[in-house]
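Residue numbering begins at 1 within each chain, and the chains themselves are lettered A, B, C and D in the order written.
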Amino acid sequence: MSELLGVAVLGAGHMGADHIRRLDRVVSGARVVAVADPDPERARRAVAGIDGVAVRAEVWDALAAPGVEAVLIASPGPAHEEALLAAFERGLPVLCEKPMVPDPAGALRVVEAEARLGRRLAQIGFMRRYDAEYRQLKSLLDEGGLGRPLMLHCVHRNVSSPPGFTSAMLIDSSVSHEIDAARWLLGQELTAVTVLRPRPSAGAPEGLLDPQFVLFETDGGALVDVEVFVNCGFGYQVRCEAVCETGSARIGEEQAVRVTARAADRRAVPQDYLVRFADAYDREVQAWVDATRRGRVTGPSAWDGYAASVVAGAGVRALETGGRVAVDLPRRPALYG
Amino acid sequence: MSELLGVAVLGAGHMGADHIRRLDRVVSGARVVAVADPDPERARRAVAGIDGVAVRAEVWDALAAPGVEAVLIASPGPAHEEALLAAFERGLPVLCEKPMVPDPAGALRVVEAEARLGRRLAQIGFMRRYDAEYRQLKSLLDEGGLGRPLMLHCVHRNVSSPPGFTSAMLIDSSVSHEIDAARWLLGQELTAVTVLRPRPSAGAPEGLLDPQFVLFETDGGALVDVEVFVNCGFGYQVRCEAVCETGSARIGEEQAVRVTARAADRRAVPQDYLVRFADAYDREVQAWVDATRRGRVTGPSAWDGYAASVVAGAGVRALETGGRVAVDLPRRPALYG
Amino acid sequence: MSELLGVAVLGAGHMGADHIRRLDRVVSGARVVAVADPDPERARRAVAGIDGVAVRAEVWDALAAPGVEAVLIASPGPAHEEALLAAFERGLPVLCEKPMVPDPAGALRVVEAEARLGRRLAQIGFMRRYDAEYRQLKSLLDEGGLGRPLMLHCVHRNVSSPPGFTSAMLIDSSVSHEIDAARWLLGQELTAVTVLRPRPSAGAPEGLLDPQFVLFETDGGALVDVEVFVNCGFGYQVRCEAVCETGSARIGEEQAVRVTARAADRRAVPQDYLVRFADAYDREVQAWVDATRRGRVTGPSAWDGYAASVVAGAGVRALETGGRVAVDLPRRPALYG
Amino acid sequence: MSELLGVAVLGAGHMGADHIRRLDRVVSGARVVAVADPDPERARRAVAGIDGVAVRAEVWDALAAPGVEAVLIASPGPAHEEALLAAFERGLPVLCEKPMVPDPAGALRVVEAEARLGRRLAQIGFMRRYDAEYRQLKSLLDEGGLGRPLMLHCVHRNVSSPPGFTSAMLIDSSVSHEIDAARWLLGQELTAVTVLRPRPSAGAPEGLLDPQFVLFETDGGALVDVEVFVNCGFGYQVRCEAVCETGSARIGEEQAVRVTARAADRRAVPQDYLVRFADAYDREVQAWVDATRRGRVTGPSAWDGYAASVVAGAGVRALETGGRVAVDLPRRPALYG
């Protein structure tokens, strides 16, 4: 193949700018042909040095720019629904950053719109599915050599939370990654959620319930527990242990140079998810470009995005009520069989 | 010091015989002078090759044997209450294997009897407090450099459960170790317990709820979660991670030769707690002998044994009811301040 | 940037085919426009599915194909000198797989030819310089926080050697990677070499001196030791420990899922250098494409390729003589300052 | 058994005092009955709190004290020959700290004296043979599952060297441990030695050749390399990797709490050999007491002590000459078969 896939990127903020760089310099087979951002100055900075990119303020104008064959949505979550529906209307394949649509009702509208089309157009940006370690863990579980998975023990830690981060966001922003990862690793739906609230850390901003300990039950009888701690202070850590009937498998000990000095043996801990998951993002976008150039849609679906929204919503209610909240998921449309 | 402490060992089964060997050949400063076991043949086998040991069928007869200055109780749990009260009556210092008394009411009677004496005579055999790694973890937490502990994540796995092991015993026999360790590490009381029951492993005997996931709340606002899995098939594993405000500390990765062969890098996992905690048992008994020879009583107290019984009892009810059960602990007598 | 760099790939064997795939599907900013291989059928297979590639039997014909702007040499070592000189003649930037030229005299001719041009055109394929761990180690050493490096302990193991692999090839094919890595990490030249020959492993083919233990001295007073063992049977392992004045840093423990099962804690060991260094190859070629599109030449130079040839040659003589052989390197041309 | 073995300890310095404490409070079955030290005040301090110990200035007087049944030699190396011969003369079993006798000629006299007695009385204090990890490594090698050992890669690092430590002492004091360990692990004699001298670390005292890299050849065709670095600054580290025909086994990564804080994952490195090998010393002395009480002599023999002296002496000459020095060991007397 030689023709490069023309991509419109929606959103030129932190994540969008990183995806523009990735499409231009890392990924093979694509080029950025249009960018939409309400702040045209920011959009221009993000595409500096790339020739022939249409810079637009509006989503629709960017999608209509010459050469647009696919869309990468990296705008804030609340803007996703409109952008996805617009892409569907033009029949454009789309890679949409998570959360697909923060509001479960809106997420359902996206699923229904795609189901009406009768073919998949959307891939949702759950990049952990493209991380080398997660993929090895998934393979191990699928091969079945360790027996049925009984429990997943997960840890999700950030150095510190950004301003405005709320107690609910520990679940619907941070834990949403584990929600998708657990559904994918286990091949099971999550059916109930309970949130425990230890006394908050002194390192957490006033009023933020941090850390939290989240428990999911699944329709296969497995248990998923997640420690989420977004002001741990020391690093970005994502770990997962799958406890199976005849063995356990663990991922998430970041590889790094091992330094022995000053009375200790040390390995650096990454400070940022863009560092920890750099390769996963690269593989995710490359896989999307490759599939799209072949006319295919693979990877996490709009249904996965919707399910994550519903489970996260139940999690937030569990946090608020202190009790166990059942997850109520409608029947999965045939398209996502 | 040169005089050896004369010890009566009650119970000559698996654990008792191991303690007799330990007092005779490992520990400095003690000698076995009497053994009691309903099966005198078993008692005689356990002391073969040791000179001058009085072998008796009854506890009272053993305690009255010449030279008895201290008592080590290694009989089955239901026999402990009577043995402890007998030792108290003779004013003998005692090391009592766990569980101190399986029944909380009986455990309370022991506490009250000792409180009436007005001085401590009993040390309870929570040997993890003597494990090198646990002690390092305890020191780390006490030093405070990592801030306040927020959560303990614990794992407790056995290769397989012995015949007759019940679902309740996962809590009152296995998790009772974590109950004591958590109280000791945190210096906090456990105030409530919830037990989650994933679908049992195919490797568990019919009807046994194995694994279980147990959640404790503490009066300091911390959370303690314990995976207990007594038919994991692959080894004996005890891990603990203390998640604190500015860092986490982990123990329980057993040290062993690292072998790289046949496409993998391997470390052996011990198969038995007597292997994993061999040094802890040695240190525990040595510490007891040393203190006793100096006329002191240190280590876990009868109150610790009682508290573990009460919490474990609440855990068993939580397992049966599926809900959260509050722990109701009376006021701690001044003796155990 | 949007114009794709047109690359001619010389050699369509195992390595060449892998680079063709990489340029087509992994790396951003390049396309394969010509391939040369004496076996045109093999060349055609290697470019199947890629449009517009000129397939040629001869190097010169491939270099003259339309759109060729740069050359990637992946033919057998003995063919490199002619190919490099041909690329120089056409002024084409070139990425040449290692060994640059196996014969030190031929390697020197390449250096002299490039020096006559007065500008660098060649980058040599020492891909370890692009491995994430090696780069972190290099940064650590350059930052100087551990003091001056005193020793490098290196291990280089292969599952098994290919047919026809000779005792000399343990040095000039395998250890040549450590030769370049040591020069690069330390920023020092290697000045003498001694080879020790333990009794060969029963797993080595008859007559092959495997393993060997190679010692290099440097002009900075450091010592570099390399265990090379090409029939170790269990995996592909490349480790390096830099022992410095105030600490040591180690790389080469491959990250992988950690599985605890069947009485052991296991991590898989990769079986192949294409697995271990997959990312390094990708980064190497991407870095070369990026630099070339900007009109620059970076990375390991022809001088580095030449130095490796000279040191490896001395190593082979040391192996044959059993003694210490001094390395005789001419003055470095100004171009490679 | 109940009678305690009466031990005379010769030397009440750092090591002697530690052994006195060990015999009194750690080891089962022994008691200290006499101590000899030229400084009687130091001797008295070392036995404070122990009843009935004869304190003497002279070795002979201590050996003649009432109740002496065995001797532990912890005086400086140059005093060992006389002490060993005195113990032999009285027919007393003896545990002698390493080096047995620093001077090979003196060491040979001890071997010959014991051979004349026709029975072993001496155990030499190579405590690594009692370290849990070394023992596991030895078992692994003896079981043969990894094939024949081809190479041992050893590392021996100290935080800093004591005053007066010479370049030769890196070999005859520090590396002498690896000399014994290699002979024992491999069951082979060392036949030649070469010492390489990288440029000394800035952290080494003026004039001290530190680090050194020592290479031993064995009569079984194996190779043993040892990095010895006694001013590494960061900790006490002893590592050993046995590279065998079908796999490698490694020991020496000290187990410790793993702390994740301040952007790194850390394990403490011990600062002192008494910490790293605390358990090995305890097991060594316990094994000696147990064997002695049963009238047996086990463990490293005077021949092992002598062989270590001879190899270390060759090592020192290799250090001085810069070349390879063959080891000339006489025939092993039948007693040490």
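One rule holds for everything that comes next: a residue touches a chain if its C-beta (ideal position, glycine included) is under 8 Å from a C-beta of that chain, and two chains touch if they have at least 3 such contacts.
Values in this document were obtained by computation on a predicted structure and should not be read as measured data.
The chain pair B-D and the chain pair B-C differ in C-beta contact count, and the higher one is B-D.
Measuring from the averaged C-alpha position of subunit B to that of subunit D gives a distance of 37 Å. Spacing of subunit A relative to subunit B, judged by their CA centroids, is 44 angstrom.
Inter-chain spacing, taken between the CA centroids of subunit B and subunit C, is 57 Å. Within subunit C, residues 233-234, 246-248, 253, 260-262 each touch two or more of the remaining chains. Arrangement of the chains shown, judged by which pairs touch: all-to-all, with no pair of chains left without contact. Contacts from subunit C toward subunit D in the complex involve residues 147-148, 150-151, 153, 196, 198-199, 201-203, 211, 213, 215, 217, 220-223, 225, 227, 229, 232-234, 243, 245-248.
Here subunit C touches subunit A in the complex through residues 1-2, 4, 24-29, 31, 49-52, 133, 136-137, 140, 145-146, 246-251, 253-262, 279, 286, 290, going by the rule given at the top.
Of all residues in subunit A, those touching subunit D in their complex are 233-235, 237, 253, 260-269, 271.
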